[in-house]
Amino acid sequence: MSRQIDASNELMNPAISTSHSHAIDIRVYYEDTDAGGVVFYANYLKFMERGRTEWLRALGVDQFDMARDLKRCFMVTELDVKYQKPARLDDLLCVDSRITRLGRASINFDQKIFRQTELLVQSAIQICCVDTVNMRPAALPSLVSKKLQAITQD
Amino acid sequence: MSRQIDASNELMNPAISTSHSHAIDIRVYYEDTDAGGVVFYANYLKFMERGRTEWLRALGVDQFDMARDLKRCFMVTELDVKYQKPARLDDLLCVDSRITRLGRASINFDQKIFRQTELLVQSAIQICCVDTVNMRPAALPSLVSKKLQAITQD
Amino acid sequence: MSRQIDASNELMNPAISTSHSHAIDIRVYYEDTDAGGVVFYANYLKFMERGRTEWLRALGVDQFDMARDLKRCFMVTELDVKYQKPARLDDLLCVDSRITRLGRASINFDQKIFRQTELLVQSAIQICCVDTVNMRPAALPSLVSKKLQAITQD
Amino acid sequence: MSRQIDASNELMNPAISTSHSHAIDIRVYYEDTDAGGVVFYANYLKFMERGRTEWLRALGVDQFDMARDLKRCFMVTELDVKYQKPARLDDLLCVDSRITRLGRASINFDQKIFRQTELLVQSAIQICCVDTVNMRPAALPSLVSKKLQAITQD
């Protein structure tokens, strides 16, 4: 399936995104790297957060609105990351996200970062929905819950 | 040249980029914001660096290769920034870049960050080409120099 | 209660801080550097913000409390930075801050970053007090204003 | 030469550091927080890296020198993090580090972040020593290995 790519920008790759998974391309800039010449280990978590956020946005969920209108936001509660190969300046990465479990107040993701077909980083991440006022766990807003059920249910 | 846009991603806006200027769209993520609820002031400089880098890349200049093969990199030597309005989570910003002066070893840019038509931040930035070994100023690689002359000369 | 000090950590240097200026030491970590092997240009602004914050804290002003109780926070409105020499991993830097003008709703600082006696970066920065609700300029809280007048007035 | 200490800065707490563990205090600044009003989840990894680095420095291991002279650096290969409670702007945190396993080319740490006695984040992190030229695993420099054996062996 051919596609013209403007590799200079972050593009959602529809060839890879399906109803069960989501993929975005992310370019590595100087800000992401460290003096070791590679991406600083914490910065891969930024890429993963962008991946989760763009998936939610593609489903019609805007986290700014969710916080303002519904007083709900997401907090990461657990993560497990394996770093296999480093990414470097100017690399074009792909963040691939899948939902492995959908709970009443939490979502589990598997996220992988690739450079073309090479797997660089893989992770299992749990995010929890919390009330922005008291920071306690709270059920996912029903709209969000329905949208995620629709894509995870089959 | 028509292109379908997925506004959820960072896209170069061909309607705005000209031979004399360059524009990229940048999405604001949690990583960019601070507890004030807006983009942290230093992070706009990351957006500007992405803008300059993508312009160079669009011209065929890859900074990783430039550092490895020609032992040259760019360092910011001066910047002057005026913050007019804050950007917020989920905003889609546009970084507009223009070259105001092309020297033997330095380039001056004017860069502006917009949210649609609203000007949020404006800056004048000087970057200098340096030798990666001794970190001293060095002439721009002739390939880079020629490409920039071509776009600034008329 | 005496405590043994390890100079490898961030210490306020009372030998340098005076009633008219303030200094803190800051260590450069991997997170601050980029693939150029030096501190990423935006990250010096983090160091400067730490310097301003620690000065305010030393004067008894806690910005978290100020935002929560008085609905006031500071926004940077203007900055002018000259980068003279790069800082590197493991460097111990000193951020020196001075107030050059105290307005009704704004404060102007001169901030310099040194590595021992070597000047690396210098800046003029204006911060403005804003109402956290509408993000509009607002007079400095009178407590803050009085404390800053006391140290700038003579 | 006596120096007055300001607890608002990052201090190693000798009451907590022992030969088997290490602790540093870290202040939360605006740069560390996000629009959720708490520390951005990736930024706790910066705090942990500072903890590991300061421990190595306290043992006489300087990573900049190690990279330049011995062509060895550390890469994180695995991490497992549990986020229990969020840290906020102006919090004074303590990063507590322990070595749980010392391999030929790798070190396993348990790291915890506290706000006073409250446990906020806990992690198990594996770092691997790599050759800076080819980025392949390499034995720990013998000096580093000996120093770590001395503190883990009893």
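As written, the chain order gives the labels A, B, C and D, with residue 1 at the start of each chain.
Here, a residue touches a chain if its C-beta (ideal position, glycine included) is under 8 Å from a C-beta of that chain, and two chains touch if they have at least 3 such contacts.
What you see is a predicted model, and the numbers here were worked out from it, not measured in a lab.
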{"item": "More contacts between chains, A-D or A-C", "value": "A-D"}
{"item": "Rotation in the CA alignment of subunit B with subunit D, degrees, nearest 5", "value": "175"}
{"item": "Inter-centroid spacing, subunit C versus subunit A (mean Cα positions, whole Å)", "value": "34"}
{"item": "Centre-of-Cα separation between subunit B and subunit A, whole angstrom", "value": "25"}
{"item": "Distance from subunit D to subunit A - Cα centre to Cα centre, in angstrom", "value": "26"}
{"item": "Residues within subunit C bordering two or more other chains", "value": "30-31, 35-38, 42, 46, 49, 64, 67, 88-89"}
{"item": "Touch list for subunit D against partner subunit B, complex", "value": "30-31, 33-38, 40, 42, 88-89"}
{"item": "Residue ranges of subunit C in contact with subunit D within the complex", "value": "3-6, 8-15, 24-25, 27, 29-31, 46, 49-50, 53-54, 57-58, 62-65, 67, 88-90"}
{"item": "Residues of subunit D that touch subunit A when the two form their complex", "value": "35-38, 41-43, 45-46, 49, 64, 67, 73, 75-83, 86, 132, 135"}
